[in-house]
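Next up: the structures, one after another.
One chain, chain A, appears in both complexes that follow, with chain B as partner in the first and chain C in the second.
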Partner chain A sequence: MTQCWQCREPVQGPVCAGCGAIQPPPPHPDLFAILGMSPSFVIDRKAVDKAWRAASRKVHPDRFAGASAVQRRMALQWTAHLNRARKVIRDETQRAWYLATGSERPSEGANKQPDPAFLEEVFELNMLRAEDPEAAILRAGELQGTEQARLAALFAAQEKGGSLDAVPAILNRLNYLSTVISGGHE
Partner chain B sequence: MANIGIDLGTTNSLVAVVMGQTPRVLLDDDGRSMTPSAVRYTGAKQADGSDAPPMIGWDALDNAVDHAETTLTSVKRFMGRSLDEARKVAEELHYTLAEGEGHDVVRIQAGDKVVTPVEVSAWILRLLYMRANECLMAEPTGVVITVPAYFDDAQRQATRDAGKLAGMNVLRLLNEPTAAALAYGLQENSQGTYAVFDLGGGTFDISVLELTEGVFQVLSTAGDTRLGGDDFDRELAKLILSKAGIENAKGSVLRAAMEAAEQAKRDLTAGEIAAISVELGGQSVQMQITRAEFNDLIRPIAERTLKSCKQALADAEMEPADMDGVVLVGGSTRVPLVREIVEEFFGQKPLSNLDPDKVVALGAALQADILTGSSELSDDLLLMDVVPLSLGVETMGGVVERLIWRSSPIPVTASETFTTQVDGQNAVDLHVLQGERELAKDNRSLARFKLKGIPDMPAGLPRVKVTFTVDADGILSVSATEQYTKTHAEIEVQPSYGLSDDEIENMLESAIDNAESDVDQRLLIEARVEAQQVLAVVDKSVKADVDLLGGNETQVISQVSDALREACESDDRKRIQELTTKLDEVTAPFAQRRIERDLKLALEGQDALQVLDVLDRTVKAAEDAAN
Partner chain C sequence: MAYSDKLVDHFENPRNMGALDKESDEVGTGLVGAPACGDVMKLQLKISDDGIIEDAKFKTFGCGSAIASSSLVTEMVKGKSVEFAENLENGAIAEELSLPPVKIHCSVLAEDAIKAALADYRRKQAAKNAPA
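Moving on to the complex of A and B:
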């Protein structure tokens, strides 16, 4: 429980119930929490949108059109957080990364190289792709299926105390595989 | 206490306000709702020798044929545009562009006066504002101005500048299709997905919107800022001139042909045939044009709209048949061929129970009313706009790296970290672009700026985190922080083809001082936040590397820190800033020793990865300390 910066009453959530002032957003809010959701790998996109709409209605800058410039700025920051949260949570890769690491997935993906055996596999797939694209895409698709199943299994096991340490590596491999399938074009 | 909505159109502009629960377009003294977006500079002087105000609206169009060179119309096409871009269509104009560099903002030669599109637009806004003032018998509190959804950052900046220049409190720039859907959505009181087809005088917009649980969300938007009903007029005028055997028409002859074309278009919208009778350069010309002839003439232009429709639907991941309704906006949607094309594409009759010329202004008034916070709808309804075009920066080799993708809901922020290429480099150049193309040169250049004040460090060591923010109006601002030293620089992006703040300042006839206290308050808060960040970093590093402190350093640092903490309790912004700088100065040698030691430790292992790791950790530590 913190104090409202304006009226000094205790305040919970982004807007003070007492005086209506918007509160300063935390610099790195929990993306699930600001949408009022519990962290989970399995989500319903419609439910995410619903939560996003409800949260946005409270903090959008339009709600503070008549307020001070400082409040409008904070409203902008809150809404930008909400829009980012919706984007990350709706996307399976970004969601998995966020749940496993607590941070957003960098645009270039993981810096760590995958294990040599996997790299060899990708190399062979790329060779195969030049000769027989259909077979290569089929094979890459199979590998994708395997990795996705592992991902889902890790998150299922997490509820019983399992570790998510292997998630970034799996996402990294999935990234390689989708590059093989798209032929190097994103 | 009323907010007003203004539809600042290419050909016509309107002002509306909510009275009771109903939005109404305000009429002029002659009972007309539409005001031509025209301004005529007469060259007349006032008693004190200063320029008399220009003629605006209908007055400006009186005898326009005789004053073609000084009657400025359709200037919305040049808002936020460069002279190079404007020159491409210069031959179609009945007025002259002023000389200048190609990358300059467009300036128009109106008699002996040189004016910008922003100034011309400001006069139109003033006229509408005054009308509202008279009708309401009070000065409007704030204004919502509509813009095409496809307007890029520079065009939005220019529109906001025009409002600023007219002395208004611009609450919000609202996308025209969103305004139209708002006007319909409330009337129909329905949930669902809508396509808004907006063919105005000079711009075409198509947007896909969804109304769910009170949130109007733009799912996607596409369009063409160089396509509109004026193009139909121009094609018709060309046909009239060629039938009359006139080549290279300019000035008043071109203007007369355009007026005849506009009338013929109206006749061909209502009927099957237009009889034209017009004086062209002293020659009396009579001719007839049939609907079929007209349709053939304009079909290629009208069908260009479908390309954008397909794009917008694809972006929203929808099919034409998924639309619950198709809303028509803009006078040009009255043209029968346009309605035919729309109906055929979407497989349903478009909605047309609101006047397509007024629907945007009505929606703007509704949004203006919602923004008062006291409307019945204030708690229930929210308009969420999206970024019309992706934003990115130029990277090595002239390739664009996208940071904010097209159709992301706004406001939105994105960050990217940049570094230096050579040892001791103190500045990094950034080029911000808007558009969907791979190469920087194919996109619209929004701004170039320099990140300055990067501390002396080896190449690749500085981490400059640049944050791009697009506000609810779709306007971009950029801030930058060097991650290790927390050197902070706020940069307001100047559009490459826009007006600088100084220029706007010079154009403002009187200083606007009402926002001053807000600004002071913000600067004070920013100064405090910055001071606290610096204090946190210093505290943490003093604890971590106490062995690197020599002489009376500990004592000096703690004295300055205490003084700064005390200053933060006060409202003395200057003192806070001075002490923050002082603290930076007295800790600089210590910070340098910390960097050197970390680097030395890492380099002893001669492992590049390890060096990177140390850098990551130091950056992370600085970040943690700051938060």
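Moving on to the complex of A and C:
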């Protein structure tokens, strides 16, 4: 239990029940915890939105419009954390990465090479796509299904003590496959 | 985003696109990928007994910068020694094409592809020269 930075009373959560002061957010909050959720790969998006709305109301900057500049700043910081938490948790890829590694998925630089056999497969799929897009997309879709099933199986096994070490590699493979399917190389 | 004329030229008229015989022990093949953007790049080098890169070919599925980077790198190493290719750094590619910061990783991919092709060539040579 921490103390309120203003009235020194014990405080739980982002706002002091005693004096109403907003508390400084931790620098790297647990994204599930700040929404009041337990970490889980299986989520209900509506429940995430609901949790986000409830948490956001408590720290909304409008609530602290008349407070000191320090508190107004903290309200903005909390809001930014909550928005990020909602975005990461709603997205399956980002959620899986976060659960497996404890950090957010880098938009670039997660450049660990996949196994050569898979890379060869992606290359062949791209070659096929140039000639027969439908066949390539169907094949990529099948592989995508397999990887998604593996991902779900890893998270299911985690409850019985299974490791999530293989998750980032699966997410990277899924990213290659979705690029083949969308045909999008920006 | 404004791309340099050189980059656009390499993208629109890629040099050395194609494939070499990957079974030949004079040919090293490098296949690399960038998970962040889903790009894949295959680069092949045909190397003579005296260590000169006689031919270079590539096939890249990726953005314009990835295609231009691989096109340029084949031009840079063709006719040069293995040592030259080994010491080639992505900065030279990025500078030549004036790659914007968000596309620097495309030049890294091209450097990785060259290194992977050289490693494959060395593996083949070692296997060939190993006592049967």
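Keep this in mind: the second predicted complex is superposed on the first by the 183 of 186 C-alpha atoms of A that agree within 3 Å, B and C clash if a C-alpha of one lies under 4 Å from a C-alpha of the other, contacts with A are read in each partner's own complex, and residues count from 1 in each chain.
The criterion applied here is as follows: a contact is a pair of C-beta atoms (placed from the backbone, for glycine too) under 8 Å apart; a residue touches a chain by one contact, two chains touch by 3 or more.
Since the structure is predicted, the reported quantities are computational estimates derived from the model, not experimental observations.
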Tell me which partner A:A80 touches in the superposition: chain B (first), chain C (second), both or neither. first
Please indicate which partner A:P114 is in contact with in the superposed arrangement: first for chain B, second for chain C, both, or neither. second
Just checking: does A:F123 make contact with chain B only, chain C only, both, or neither of them? Give me first, second, both or neither. second
After superposition on the shared chain, which partner residues are touched by A:H28: those of chain B (first), chain C (second), both, or neither? first
Should A:S103 be classified as contacting the first partner (chain B), the second (chain C), both, or neither? neither
Check the residue A:S68 against both partner chains and state whether it touches chain B (first), chain C (second), both, or neither. first
Residue by residue on chain A, keep only those touching chain B in one complex and chain C in the other, then list them. 107
How about chain A: which of its residues touch chain B in the complex? 27-28, 49-50, 53-54, 56-57, 60-63, 65-66, 68-70, 73, 76-77, 79-80, 83-84, 86-87, 107
Spell out the part of chain C that touches chain A in their complex, as residue ranges. 31-40, 42, 59, 61-63, 66, 102, 105, 108
Once bound in the complex, which stretches of chain B touch chain A? 142, 171-172, 212-215, 217, 370-373, 378-379, 382-384, 408-413, 416, 469, 471-472, 515, 518-519, 521-522, 525, 627
Seen from chain A, its contact residues with chain C in the complex are 106-114, 116, 119-120, 122-123, 126-127, 172, 175-176, 178-180, 185-186
